[in-house]
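A, B, C, D, E and F are the chain letters, set down in written order, and residue numbers restart from 1 in every chain.
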Amino acid sequence: MAIVTISILEGRDHATKARLMQRLTDAVVETLGAEPRQVRVLVNEVRDGDYAVGGTPVFLNPDP
Amino acid sequence: MAIVTISILEGRDHATKARLMQRLTDAVVETLGAEPRQVRVLVNEVRDGDYAVGGTPVFLNPDP
Amino acid sequence: MAIVTISILEGRDHATKARLMQRLTDAVVETLGAEPRQVRVLVNEVRDGDYAVGGTPVFLNPDP
Amino acid sequence: MAIVTISILEGRDHATKARLMQRLTDAVVETLGAEPRQVRVLVNEVRDGDYAVGGTPVFLNPDP
Amino acid sequence: MAIVTISILEGRDHATKARLMQRLTDAVVETLGAEPRQVRVLVNEVRDGDYAVGGTPVFLNPDP
Amino acid sequence: MAIVTISILEGRDHATKARLMQRLTDAVVETLGAEPRQVRVLVNEVRDGDYAVGGTPVFLNPDP
(Lines give C-alpha, C1' and ligand atoms only; values in the text may rest on other atoms or scores of the structure.)
Protein backbone atom coordinates (compact mmCIF):
# COMPACT_ATOMS: atom_id res chain seq x y z
CA MET A 1 0.00 0.00 0.00
CA ALA A 2 1.24 3.47 -0.84
CA ILE A 3 -0.54 6.78 -1.07
CA VAL A 4 1.46 9.54 -2.72
CA THR A 5 0.38 13.17 -2.56
CA ILE A 6 2.29 15.72 -4.57
CA SER A 7 1.72 19.45 -4.17
CA ILE A 8 2.68 21.55 -7.18
CA LEU A 9 1.69 24.99 -8.38
CA GLU A 10 -1.34 24.81 -10.66
CA GLY A 11 -1.03 25.19 -14.41
CA ARG A 12 0.25 21.84 -15.72
CA ASP A 13 -1.76 20.16 -18.47
CA HIS A 14 -3.38 16.73 -18.17
CA ALA A 15 -0.67 14.97 -20.22
CA THR A 16 2.13 16.26 -17.99
CA LYS A 17 0.28 15.32 -14.81
CA ALA A 18 -0.49 11.88 -16.24
CA ARG A 19 3.23 11.29 -16.97
CA LEU A 20 4.09 12.55 -13.49
CA MET A 21 1.63 10.17 -11.80
CA GLN A 22 2.85 7.24 -13.91
CA ARG A 23 6.49 7.94 -13.06
CA LEU A 24 5.78 8.34 -9.34
CA THR A 25 3.90 5.05 -9.40
CA ASP A 26 6.78 3.32 -11.18
CA ALA A 27 9.17 4.65 -8.55
CA VAL A 28 7.10 3.10 -5.77
CA VAL A 29 6.51 -0.21 -7.55
CA GLU A 30 10.17 -0.70 -8.44
CA THR A 31 11.57 0.40 -5.09
CA LEU A 32 9.12 -1.23 -2.68
CA GLY A 33 7.89 -4.12 -4.82
CA ALA A 34 4.34 -2.86 -4.38
CA GLU A 35 1.50 -4.10 -6.53
CA PRO A 36 0.65 -1.27 -9.00
CA ARG A 37 -3.04 -1.30 -8.07
CA GLN A 38 -2.08 -0.59 -4.45
CA VAL A 39 -0.30 2.62 -5.41
CA ARG A 40 -2.49 5.68 -5.50
CA VAL A 41 -1.30 9.16 -6.45
CA LEU A 42 -3.02 12.46 -5.79
CA VAL A 43 -1.93 15.73 -7.37
CA ASN A 44 -2.69 18.71 -5.17
CA GLU A 45 -2.63 21.85 -7.29
CA VAL A 46 -1.68 24.86 -5.20
CA ARG A 47 -2.94 28.26 -6.33
CA ASP A 48 -0.39 30.72 -7.59
CA GLY A 49 0.86 32.76 -4.63
CA ASP A 50 -0.32 30.22 -2.03
CA TYR A 51 3.16 28.79 -1.49
CA ALA A 52 6.04 30.56 0.24
CA VAL A 53 9.75 29.88 0.65
CA GLY A 54 11.36 31.75 3.52
CA GLY A 55 8.13 33.72 3.95
CA THR A 56 8.03 35.01 0.37
CA PRO A 57 5.21 33.84 -1.91
CA VAL A 58 6.21 32.14 -5.14
CA PHE A 59 4.31 33.24 -8.24
CA LEU A 60 4.52 31.34 -11.50
CA ASN A 61 2.58 34.10 -13.22
CA PRO A 62 3.82 37.36 -11.68
CA ASP A 63 1.33 39.61 -13.51
CA PRO A 64 -1.98 37.79 -13.60
CA MET B 1 -10.02 15.71 19.21
CA ALA B 2 -10.28 14.40 15.68
CA ILE B 3 -9.51 15.98 12.34
CA VAL B 4 -10.85 14.10 9.35
CA THR B 5 -9.76 14.91 5.80
CA ILE B 6 -11.47 13.17 2.96
CA SER B 7 -10.21 13.45 -0.62
CA ILE B 8 -12.81 12.83 -3.30
CA LEU B 9 -13.10 13.76 -6.95
CA GLU B 10 -14.86 17.10 -7.36
CA GLY B 11 -18.43 17.33 -8.53
CA ARG B 12 -20.60 16.46 -5.50
CA ASP B 13 -23.29 18.97 -4.52
CA HIS B 14 -23.49 20.72 -1.16
CA ALA B 15 -26.25 18.46 0.19
CA THR B 16 -24.28 15.28 -0.51
CA LYS B 17 -21.13 16.70 1.05
CA ALA B 18 -23.10 17.87 4.08
CA ARG B 19 -24.51 14.36 4.60
CA LEU B 20 -21.03 12.91 4.16
CA MET B 21 -19.51 15.22 6.77
CA GLN B 22 -22.35 14.50 9.20
CA ARG B 23 -21.96 10.74 8.80
CA LEU B 24 -18.17 10.87 9.20
CA THR B 25 -18.63 12.95 12.35
CA ASP B 26 -21.17 10.47 13.75
CA ALA B 27 -18.72 7.63 13.07
CA VAL B 28 -16.04 9.36 15.13
CA VAL B 29 -18.36 10.42 17.96
CA GLU B 30 -19.92 6.97 18.35
CA THR B 31 -16.66 5.03 18.04
CA LEU B 32 -14.30 7.18 20.10
CA GLY B 33 -16.75 8.89 22.43
CA ALA B 34 -15.52 12.25 21.17
CA GLU B 35 -17.40 15.46 21.83
CA PRO B 36 -19.07 16.47 18.51
CA ARG B 37 -17.59 20.00 18.63
CA GLN B 38 -14.10 18.47 18.76
CA VAL B 39 -14.63 16.65 15.46
CA ARG B 40 -13.72 18.64 12.39
CA VAL B 41 -14.10 17.39 8.84
CA LEU B 42 -12.48 18.80 5.70
CA VAL B 43 -13.50 17.76 2.21
CA ASN B 44 -10.62 18.00 -0.25
CA GLU B 45 -12.03 18.06 -3.77
CA VAL B 46 -9.52 16.64 -6.21
CA ARG B 47 -9.68 17.83 -9.81
CA ASP B 48 -10.80 15.34 -12.42
CA GLY B 49 -7.70 13.57 -13.72
CA ASP B 50 -5.54 14.49 -10.70
CA TYR B 51 -5.87 11.06 -9.10
CA ALA B 52 -4.30 7.85 -10.38
CA VAL B 53 -4.63 4.18 -9.54
CA GLY B 54 -1.70 2.04 -10.70
CA GLY B 55 -0.37 5.05 -12.60
CA THR B 56 -3.53 5.60 -14.66
CA PRO B 57 -5.54 8.79 -14.09
CA VAL B 58 -9.17 8.38 -13.09
CA PHE B 59 -11.63 10.66 -14.89
CA LEU B 60 -15.21 11.06 -13.73
CA ASN B 61 -15.98 13.07 -16.84
CA PRO B 62 -13.97 11.48 -19.65
CA ASP B 63 -14.87 14.11 -22.29
CA PRO B 64 -14.75 17.50 -20.60
CA MET C 1 -12.42 6.89 -4.92
CA ALA C 2 -12.02 8.25 -1.44
CA ILE C 3 -9.03 8.59 0.81
CA VAL C 4 -9.85 9.39 4.42
CA THR C 5 -7.18 10.51 6.87
CA ILE C 6 -8.12 10.88 10.51
CA SER C 7 -5.77 12.45 13.05
CA ILE C 8 -6.37 11.44 16.64
CA LEU C 9 -4.23 11.44 19.75
CA GLU C 10 -2.35 8.17 20.12
CA GLY C 11 -3.41 5.55 22.63
CA ARG C 12 -6.42 3.77 21.10
CA ASP C 13 -6.23 -0.02 20.83
CA HIS C 14 -6.42 -1.98 17.58
CA ALA C 15 -10.05 -3.01 18.09
CA THR C 16 -11.23 0.58 18.53
CA LYS C 17 -9.28 1.78 15.53
CA ALA C 18 -10.64 -1.10 13.44
CA ARG C 19 -14.22 -0.15 14.37
CA LEU C 20 -13.47 3.48 13.58
CA MET C 21 -12.07 2.63 10.14
CA GLN C 22 -15.05 0.39 9.37
CA ARG C 23 -17.54 3.06 10.38
CA LEU C 24 -15.78 5.77 8.38
CA THR C 25 -15.76 3.48 5.36
CA ASP C 26 -19.47 2.75 5.77
CA ALA C 27 -20.17 6.48 5.94
CA VAL C 28 -18.43 7.02 2.61
CA VAL C 29 -19.96 4.00 0.89
CA GLU C 30 -23.51 4.82 1.97
CA THR C 31 -23.29 8.54 1.27
CA LEU C 32 -21.38 8.59 -2.01
CA GLY C 33 -22.26 5.17 -3.39
CA ALA C 34 -18.57 4.36 -3.56
CA GLU C 35 -17.31 0.82 -4.04
CA PRO C 36 -15.91 -0.34 -0.65
CA ARG C 37 -12.56 -1.37 -2.14
CA GLN C 38 -12.09 2.19 -3.41
CA VAL C 39 -12.34 3.61 0.10
CA ARG C 40 -9.06 3.75 1.98
CA VAL C 41 -8.68 5.02 5.53
CA LEU C 42 -5.49 6.09 7.28
CA VAL C 43 -5.28 6.70 11.02
CA ASN C 44 -2.66 9.30 11.88
CA GLU C 45 -1.78 8.97 15.56
CA VAL C 46 -0.62 12.27 16.95
CA ARG C 47 1.75 12.21 19.91
CA ASP C 48 0.42 13.45 23.21
CA GLY C 49 1.13 17.17 23.43
CA ASP C 50 1.58 17.62 19.66
CA TYR C 51 -1.88 19.09 19.14
CA ALA C 52 -3.01 22.51 20.30
CA VAL C 53 -6.34 24.32 20.51
CA GLY C 54 -6.07 28.09 20.75
CA GLY C 55 -2.31 27.69 21.19
CA THR C 56 -2.55 25.40 24.21
CA PRO C 57 -1.32 21.80 23.87
CA VAL C 58 -3.82 19.07 24.64
CA PHE C 59 -2.52 16.21 26.78
CA LEU C 60 -4.43 12.98 27.19
CA ASN C 61 -1.97 11.86 29.81
CA PRO C 62 -1.06 14.97 31.82
CA ASP C 63 1.59 13.27 33.97
CA PRO C 64 3.60 10.98 31.72
CA MET D 1 13.39 21.82 7.80
CA ALA D 2 9.76 22.67 8.30
CA ILE D 3 6.76 22.32 6.04
CA VAL D 4 3.68 24.19 7.20
CA THR D 5 0.27 23.59 5.67
CA ILE D 6 -2.58 25.81 6.69
CA SER D 7 -6.17 25.08 5.68
CA ILE D 8 -8.49 28.09 5.65
CA LEU D 9 -11.76 28.84 3.94
CA GLU D 10 -11.17 30.44 0.54
CA GLY D 11 -11.70 34.14 -0.02
CA ARG D 12 -8.61 35.89 1.41
CA ASP D 13 -6.71 38.25 -0.88
CA HIS D 14 -3.07 37.83 -1.88
CA ALA D 15 -1.82 40.49 0.54
CA THR D 16 -3.46 38.84 3.55
CA LYS D 17 -2.17 35.41 2.60
CA ALA D 18 1.33 36.84 2.04
CA ARG D 19 1.29 38.36 5.55
CA LEU D 20 0.02 35.08 6.97
CA MET D 21 2.79 33.05 5.31
CA GLN D 22 5.44 35.55 6.46
CA ARG D 23 4.19 35.43 10.06
CA LEU D 24 4.00 31.64 10.12
CA THR D 25 7.56 31.49 8.76
CA ASP D 26 8.78 33.94 11.42
CA ALA D 27 7.15 31.79 14.12
CA VAL D 28 9.08 28.74 12.94
CA VAL D 29 12.39 30.55 12.47
CA GLU D 30 12.28 32.22 15.88
CA THR D 31 11.07 29.18 17.80
CA LEU D 32 13.13 26.41 16.21
CA GLY D 33 16.12 28.40 14.99
CA ALA D 34 15.42 27.16 11.46
CA GLU D 35 17.06 28.73 8.42
CA PRO D 36 14.31 30.79 6.67
CA ARG D 37 14.95 29.12 3.29
CA GLN D 38 14.18 25.75 4.90
CA VAL D 39 10.71 26.86 5.94
CA ARG D 40 8.03 26.30 3.34
CA VAL D 41 4.40 27.28 3.78
CA LEU D 42 1.42 26.06 1.78
CA VAL D 43 -2.02 27.65 2.00
CA ASN D 44 -4.79 25.16 1.32
CA GLU D 45 -7.95 27.06 0.46
CA VAL D 46 -11.01 25.05 1.38
CA ARG D 47 -14.20 25.67 -0.57
CA ASP D 48 -17.06 27.30 1.26
CA GLY D 49 -19.18 24.52 2.79
CA ASP D 50 -16.43 21.90 2.60
CA TYR D 51 -15.55 22.19 6.29
CA ALA D 52 -17.69 21.01 9.18
CA VAL D 53 -17.61 21.42 12.95
CA GLY D 54 -19.63 18.85 14.86
CA GLY D 55 -21.03 17.65 11.55
CA THR D 56 -22.42 21.03 10.47
CA PRO D 57 -20.86 22.74 7.43
CA VAL D 58 -19.43 26.20 7.96
CA PHE D 59 -20.29 28.76 5.30
CA LEU D 60 -18.51 32.10 5.09
CA ASN D 61 -20.97 33.24 2.44
CA PRO D 62 -24.36 31.80 3.43
CA ASP D 63 -26.19 32.98 0.30
CA PRO D 64 -23.87 32.46 -2.67
CA MET E 1 -11.37 28.29 11.11
CA ALA E 2 -7.77 27.31 10.54
CA ILE E 3 -6.00 23.99 10.77
CA VAL E 4 -2.22 24.22 10.75
CA THR E 5 -0.03 21.15 10.27
CA ILE E 6 3.70 21.51 10.66
CA SER E 7 6.10 18.73 9.73
CA ILE E 8 9.47 18.83 11.49
CA LEU E 9 12.12 16.26 12.21
CA GLU E 10 11.49 14.55 15.54
CA GLY E 11 13.53 15.39 18.63
CA ARG E 12 12.14 18.69 19.97
CA ASP E 13 11.07 18.78 23.60
CA HIS E 14 7.54 19.55 24.79
CA ALA E 15 8.39 23.14 25.81
CA THR E 16 9.76 24.00 22.38
CA LYS E 17 6.81 22.45 20.59
CA ALA E 18 4.40 24.28 22.93
CA ARG E 19 6.06 27.63 22.10
CA LEU E 20 5.95 26.78 18.41
CA MET E 21 2.23 25.95 18.51
CA GLN E 22 1.47 29.14 20.47
CA ARG E 23 3.41 31.30 18.01
CA LEU E 24 1.77 29.70 14.98
CA THR E 25 -1.62 30.27 16.57
CA ASP E 26 -0.80 33.92 17.27
CA ALA E 27 0.26 34.36 13.64
CA VAL E 28 -3.12 33.10 12.44
CA VAL E 29 -5.17 35.04 14.98
CA GLU E 30 -3.39 38.34 14.31
CA THR E 31 -3.32 38.01 10.53
CA LEU E 32 -6.78 36.61 9.83
CA GLY E 33 -8.68 37.88 12.84
CA ALA E 34 -9.59 34.31 13.71
CA GLU E 35 -11.00 33.34 17.08
CA PRO E 36 -8.20 31.54 18.98
CA ARG E 37 -10.38 28.50 19.76
CA GLN E 38 -10.93 28.02 16.03
CA VAL E 39 -7.20 27.66 15.40
CA ARG E 40 -5.89 24.13 15.73
CA VAL E 41 -2.25 23.16 15.30
CA LEU E 42 -0.85 19.68 14.71
CA VAL E 43 2.87 18.89 14.92
CA ASN E 44 3.83 16.02 12.64
CA GLU E 45 7.17 14.63 13.79
CA VAL E 46 9.04 13.06 10.90
CA ARG E 47 11.51 10.30 11.68
CA ASP E 48 15.18 11.04 11.15
CA GLY E 49 16.04 10.10 7.58
CA ASP E 50 12.42 10.17 6.36
CA TYR E 51 12.78 13.58 4.71
CA ALA E 52 14.79 14.32 1.58
CA VAL E 53 15.89 17.47 -0.21
CA GLY E 54 16.86 16.94 -3.85
CA GLY E 55 16.62 13.19 -3.25
CA THR E 56 19.10 13.12 -0.38
CA PRO E 57 17.82 12.17 3.09
CA VAL E 58 18.38 14.69 5.87
CA PHE E 59 19.62 13.25 9.16
CA LEU E 60 19.64 15.29 12.34
CA ASN E 61 21.55 12.53 14.11
CA PRO E 62 23.98 11.11 11.53
CA ASP E 63 25.26 8.30 13.76
CA PRO E 64 22.30 6.89 15.68
CA MET F 1 8.43 23.59 -6.27
CA ALA F 2 7.12 20.17 -5.34
CA ILE F 3 6.36 18.59 -2.00
CA VAL F 4 5.80 14.85 -2.12
CA THR F 5 4.34 12.95 0.81
CA ILE F 6 4.22 9.18 0.64
CA SER F 7 2.38 7.11 3.23
CA ILE F 8 3.57 3.52 3.59
CA LEU F 9 3.30 0.94 6.32
CA GLU F 10 6.25 1.17 8.70
CA GLY F 11 9.09 -1.35 8.62
CA ARG F 12 11.28 -0.36 5.65
CA ASP F 13 14.98 0.17 6.33
CA HIS F 14 16.85 3.43 5.74
CA ALA F 15 18.45 2.22 2.49
CA THR F 16 15.11 1.32 0.93
CA LYS F 17 13.52 4.59 1.96
CA ALA F 18 16.53 6.51 0.62
CA ARG F 19 16.18 4.79 -2.77
CA LEU F 20 12.46 5.50 -2.74
CA MET F 21 12.96 9.20 -2.02
CA GLN F 22 15.65 9.46 -4.72
CA ARG F 23 13.43 7.79 -7.31
CA LEU F 24 10.41 9.95 -6.44
CA THR F 25 12.59 13.04 -6.75
CA ASP F 26 13.92 11.90 -10.14
CA ALA F 27 10.34 11.36 -11.33
CA VAL F 28 9.44 14.95 -10.46
CA VAL F 29 12.62 16.48 -11.85
CA GLU F 30 12.40 14.64 -15.16
CA THR F 31 8.68 15.14 -15.65
CA LEU F 32 8.23 18.73 -14.53
CA GLY F 33 11.70 20.10 -15.19
CA ALA F 34 11.94 21.09 -11.52
CA GLU F 35 15.21 22.02 -9.88
CA PRO F 36 16.23 19.08 -7.65
CA ARG F 37 16.69 21.32 -4.57
CA GLN F 38 13.06 22.44 -4.92
CA VAL F 39 11.79 18.88 -4.60
CA ARG F 40 11.17 17.73 -1.07
CA VAL F 41 9.97 14.27 -0.11
CA LEU F 42 8.46 13.18 3.19
CA VAL F 43 7.92 9.53 4.11
CA ASN F 44 4.96 9.09 6.44
CA GLU F 45 5.25 5.70 8.14
CA VAL F 46 1.84 4.39 9.07
CA ARG F 47 1.61 2.00 12.00
CA ASP F 48 0.68 -1.58 11.27
CA GLY F 49 -3.10 -1.85 11.44
CA ASP F 50 -3.69 1.89 11.00
CA TYR F 51 -4.62 1.57 7.33
CA ALA F 52 -7.79 0.01 5.98
CA VAL F 53 -9.04 -1.01 2.54
CA GLY F 54 -12.80 -1.39 2.30
CA GLY F 55 -12.99 -1.02 6.08
CA THR F 56 -10.62 -3.89 6.85
CA PRO F 57 -7.26 -3.09 8.50
CA VAL F 58 -4.15 -4.19 6.66
CA PHE F 59 -1.47 -5.82 8.80
CA LEU F 60 2.04 -6.44 7.53
CA ASN F 61 2.82 -8.39 10.66
CA PRO F 62 -0.36 -10.31 11.54
CA ASP F 63 0.95 -11.75 14.83
CA PRO F 64 2.83 -8.97 16.61
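Just so it is clear, a residue touches a chain if its C-beta (ideal position, glycine included) is under 8 Å from a C-beta of that chain, and two chains touch if they have at least 3 such contacts.
Quick caveat, the model's predicted, so the values are computed rather than measured.
Undergrad: Show me the overlap between the contact partners of chain D and those of chain F.
TA: A, E
Undergrad: Sharing over half of the contact pairs with C-F by residue number is what counts; pick that pair out of E-F, B-E or D-F.
TA: Selected pair, repeating C-F: E-F.
Undergrad: Averaged over CA atoms, how far is the centre of chain C from the centre of chain E? Could you give it in whole Å?
TA: Distance between chain centres, rounded to whole Å: 20 Å.
Undergrad: Per the centroid of Cα atoms for each chain, what is the distance between chain A and chain C, given in Å?
TA: 25
Undergrad: Measuring centre to centre with CA averages, how many angstrom lie between chain A and chain F?
TA: 13
Undergrad: Residue numbers in chain D touching 2 or more other chains?
TA: Chain D, residues with two or more chain partners: 1, 3, 7, 26, 40, 42, 44, 51, 53.
Undergrad: Show me, using the given definition of touch, all chain pairs that touch one another.
TA: Applying the touch criterion to every chain pair yields A-B, A-C, A-D, A-F, B-C, B-D, B-E, C-E, C-F, D-E, D-F, E-F.
Undergrad: Over in the complex, which chain E residues touch chain D? Could you list them?
TA: Within the complex, chain E touches chain D at residues 1-9, 12, 16, 19-20, 23-24, 26-28, 30-32, 51, 53, 58.
Undergrad: Write out the stretch or stretches of chain F touching chain E in their complex.
TA: On the chain F side, the touching residues are 14, 17-18, 21-22, 24-26, 36-37, 39-45.
Undergrad: Show which residues of chain F lie in contact with chain D when the two form their complex.
TA: These residues of chain F touch chain D: 1, 3, 40, 42.
Undergrad: Would you tell me which residues of chain D are touching chain B in their complex?
TA: Residues in contact with chain B: 7, 44, 46-47, 49-57.
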